[in-house]
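Report on the following structure.
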Amino acid sequence: MIRLHNVSKVYPNGVVALAGVDLRIERGEFVFLVGPSGAGKTTFMNMIIRHVLPTSGQVIVNGKNVVRLKPWEVPYLRRTIGTIFQDFKLLPNKTVYDNVAFALQVIDAPGREIRKKVPAVLDLVGLADRANELPHQLSGGEQQRVSIARAIVNSPTVLLADEPTGNLDFDTSWGIMELLLKINGRGTTIIMATHNKMIVDRMKKRVIEIDKGKIVRDESEGVYGREV
Amino acid sequence: MIRLHNVSKVYPNGVVALAGVDLRIERGEFVFLVGPSGAGKTTFMNMIIRHVLPTSGQVIVNGKNVVRLKPWEVPYLRRTIGTIFQDFKLLPNKTVYDNVAFALQVIDAPGREIRKKVPAVLDLVGLADRANELPHQLSGGEQQRVSIARAIVNSPTVLLADEPTGNLDFDTSWGIMELLLKINGRGTTIIMATHNKMIVDRMKKRVIEIDKGKIVRDESEGVYGREV
Amino acid sequence: MRFRTFCYFWSEALRNIRRNVNLISLGTIAASLFILGAFFLIILNLNHLTDNLTSRIEIRVFLKDGVTARDREALKTRIWALGGIKTIDFISKEEGLKRLKEQLGDDEGILTAMDFNPLPDAFSIKVAKPESVKALASRIARLPGVESVNYGHGLVERLFALVKAVWVITLALSVIFISAIIMIIGNTIRLTLIARRREVEIMKLVGATDWFIRWPFLLEGMLVGLTGAIVSAVALYFLYGFAVRRFMSALPFIPVVTGGVALRQLCIGLLAAGATMGAIASVVFLRKYLRA
Amino acid sequence: MRFRTFCYFWSEALRNIRRNVNLISLGTIAASLFILGAFFLIILNLNHLTDNLTSRIEIRVFLKDGVTARDREALKTRIWALGGIKTIDFISKEEGLKRLKEQLGDDEGILTAMDFNPLPDAFSIKVAKPESVKALASRIARLPGVESVNYGHGLVERLFALVKAVWVITLALSVIFISAIIMIIGNTIRLTLIARRREVEIMKLVGATDWFIRWPFLLEGMLVGLTGAIVSAVALYFLYGFAVRRFMSALPFIPVVTGGVALRQLCIGLLAAGATMGAIASVVFLRKYLRA
């Protein structure tokens, strides 16, 4: 599904965000990405959707080397991957409904499907009654849930979740985790970066720990930290 | 220090964010504000810095009714209050150093003081080597720490921290908490909104729980949730 | 493309136009196109004026004394045969004196003091191409029965110099003004879109193709350009009508273009220019952010 | 205000200018001010032209036959006494005939055919104020020894109508053009600043006073306006010099303003206008976001 061969990323300012990462994630896996602030988690995810290009090495998603994709192929890559961005990246001039619908509009989905799926997914994240509001009228956690709704609405084959519960209380977080588990159960590969020890420890899934751009741990039923 | 009398906030779209809140926070207290996503925590903080005006009720900070402040008095109120915003609110065109220095420049601090304090506080949050970068070149957690540095650099009498560890790993979070404790020990009143159970439970400070705009719990040595 | 997607593009464009940022561009575009249009009208009138002046050029052919009516007809035929001539009018010596008196105005006293008519019979010739006056005049001078030929002692040359100078200047000014205006409009649209750079970036990250992002912007640019053009065209149409009426009542002897077809064509041109510029500016700008 | 804070304002302004958004405004402002300046130069030349035309107005006073040199001197003194007169020249009948011949040009044949001089002696009078020509002429006509007075049979009136019409039109156009340009510049600066609305909001939240936020923007607006003005002034200065040289060589007989003081004043005016407009536009715009 996703393979990284000796991937490094050095930003123009000289910061080494990833240093020689080798990784293999299979279809249907649920992977936690943990590590301190600035370890390279977001960089890793941005590389999979080709938002950031590696300085060296190969990133292969669904059998395609994303580095070699032609510009017009990039949108099609991104449509198969749902992304929950750490900073939400909601369209500021669109309502909650339109923000979520946008992910379906870009794939030219029929109107009927949009009108059915968007309210359903908003209901899943508990925002059914906020559909007509603009992002700046929502609390931090509500914005985060809109971002989650948009990422899962078109049933992507891969879901990248960058700190999807960073602004959510424990109950809501756990609700989101159950949602992700259900999606994962349907075959979607999920990669989730998080700092939430309680969630990682409870889920007992594969845990990859990054530190200073290197993979320092990769356990199949891991916990958040080696010791607390 | 901070007193709220029967404060309510109804946003123009009809959402009731706070409903009849009465509260008294004394000088030097350390208060956790907990509650589910959308409970009204950010609204509460925005009211103290007069970013949001209450629909009814009185908000008294340092003996002054912030609702009745004249426009030119508002900046002086805000200078005595350090705020860590949930969405960071960094100036996108200024470097990390300048973002932090800005809080000192607005109070007309002497250049010598700025050159001494800014690097010191950046060192405290672990960003001494990123001083010359722009916010978009930082990871989520690094941006959050810049926001923390800016809030504490001019030694405010009140510190509002809205989810200051939402994007930080546990170790960094705990480092920040120790920093806040030290600042609190010097007499600064701290109000911190958070979803981080582990931190709240460890600190054993006053905990105020809000739900649907109402205070549902106020314990002097509380924990995150009534039961987990 | 699905019909739904098509509708989406239009509704996006319309919704974005309703946001205030674009109303500002609209005003700028309207003002710019207005200046452009006003400038074209000035050029149009200068053109009209010079046309009018050149149409007054004539060759006066003075006949030898004692040329008979028969010889005159023969001469007229030979002159026609030279080609490039629009009209030939015969002006008898009496008619010539009358006209001279009119021309002299108050100074006619000099002529009434004379008790004979010193003028010869003459032909007044209008030519098709003013540039051919000089050559034609010298050929006519060589015909039999012609005493002398007069076509304005360098007046024609001076008139041509004037027309040429006016054209060079208006052309230079147009080039400069038009490029300035295009720059202004282009920059306005760019600024409007820079405010929405983040939006474009997010759309790309969510999997939108370039054209999916481009279409609403393109329609929006077109509509904003068109609306600005309509405002400027309407303003120009009525203000010009008003100006012409004022001008004609104040200075009936100076010819002005009264509007009609030319004005209407200009307005249509403005509409087309507005829409095209809006669309092009959007697309050109977007290139920068879509390639990123 | 601390000196440090003062430095901060300037360094902020300069840093912001270096960001590309403002270079776009700069181009727009330069283009706009260029159009404005070009338009003023056109007005200046029209003004010069009409001045030149009115300065040619003269009153011709024809004397009765047989007026002696003595009477002539007396009459001259009485005319001077009427006031408002710039020069009086005596034109003898011989001189008058010479000038008439020149005026008639090729048509002088009529006069050579005459063997006597029908013209009277005359005074040619230039007046200080062209508007007073008519009244003055009728008063001179009543003086003894004056046969008749001629001041151009309505030519003067027509000339005044022309001058007035030109002024009305240029004035109307200036008002429209100038407001359009001000709108364009204002909007450009507004757009530039809308892109930075969030920045202003954040500054307010961190405790900056309105003036602390305003100063860098104000300086920035001023500098951008000034720089745009410098670009336009330099372009105008050289292009106008070039245009004048071309025009004068093509049409030496039409008077143009050759630049010099007027052009330099215009350039200085543009600089002042650019700086002022930039500063005002910034402040006016900021009001909106600072009051929020």
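In this document, chain identifiers A, B, C and D correspond to the written order of the chains, with residue numbering beginning at 1 in each.
The rule is short, and it goes like this: a contact is a pair of C-beta atoms (placed from the backbone, for glycine too) under 8 Å apart; a residue touches a chain by one contact, two chains touch by 3 or more.
The structure displayed is predicted, hence computed values, not measured ones.
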Note down the smallest number of touching-chain steps it takes to go from subunit A to subunit D. 2
Top contact pair of chains, counted by C-beta pairs? C-D
Using C-alpha centres only, name the chain that sits farthest from subunit D. A
Would you kindly tell me how far, in whole Å, the mean C-alpha position of subunit D lies from that of subunit C? 24
Between subunit B and subunit C, tell me the centre distance in angstrom, where each centre is the average of that chain's C-alpha atoms. 67
How many angstrom between the C-alpha centroids of subunit D and subunit B? 62
For the pair subunit A and subunit B, the C-alpha centroid-to-centroid distance in angstrom is 28
Per-residue overlap in subunit A, given as positions that touch at least 2 other chains: none
For the protein chains shown, what form does their contact graph take: line, ring, star, complete or other? ring
Interchain pairs in contact, sorted by label: A-B, A-C, B-D, C-D
Using the touch definition from the top, list the residues of subunit D that touch subunit C in their complex. 21, 24-25, 27-28, 31-32, 34-35, 38, 100, 105-107, 109-111, 113-114, 118-119, 150, 153, 158, 161-162, 164-165, 168-169, 172-173, 176-177, 180-181, 183-184, 187-188, 190-192, 194-195, 239, 243, 246-247, 250-251, 253-254
Complex contact set, residues of subunit A against subunit B: 11, 13, 15, 34-38, 41-42, 86-87, 133, 137-142, 144-145, 162-163, 166-173, 195, 197-198, 224-225, 228
State the interface residues of subunit C toward subunit A in the complex, per the touch definition above. 1-2, 4-5, 8, 16, 19, 198-199, 202-210, 212, 291
What residues on subunit A touch subunit C, complex-wise? 49, 51, 71-72, 74-76, 78-79, 83, 85, 89-93, 102-103, 105-108, 110-111, 150
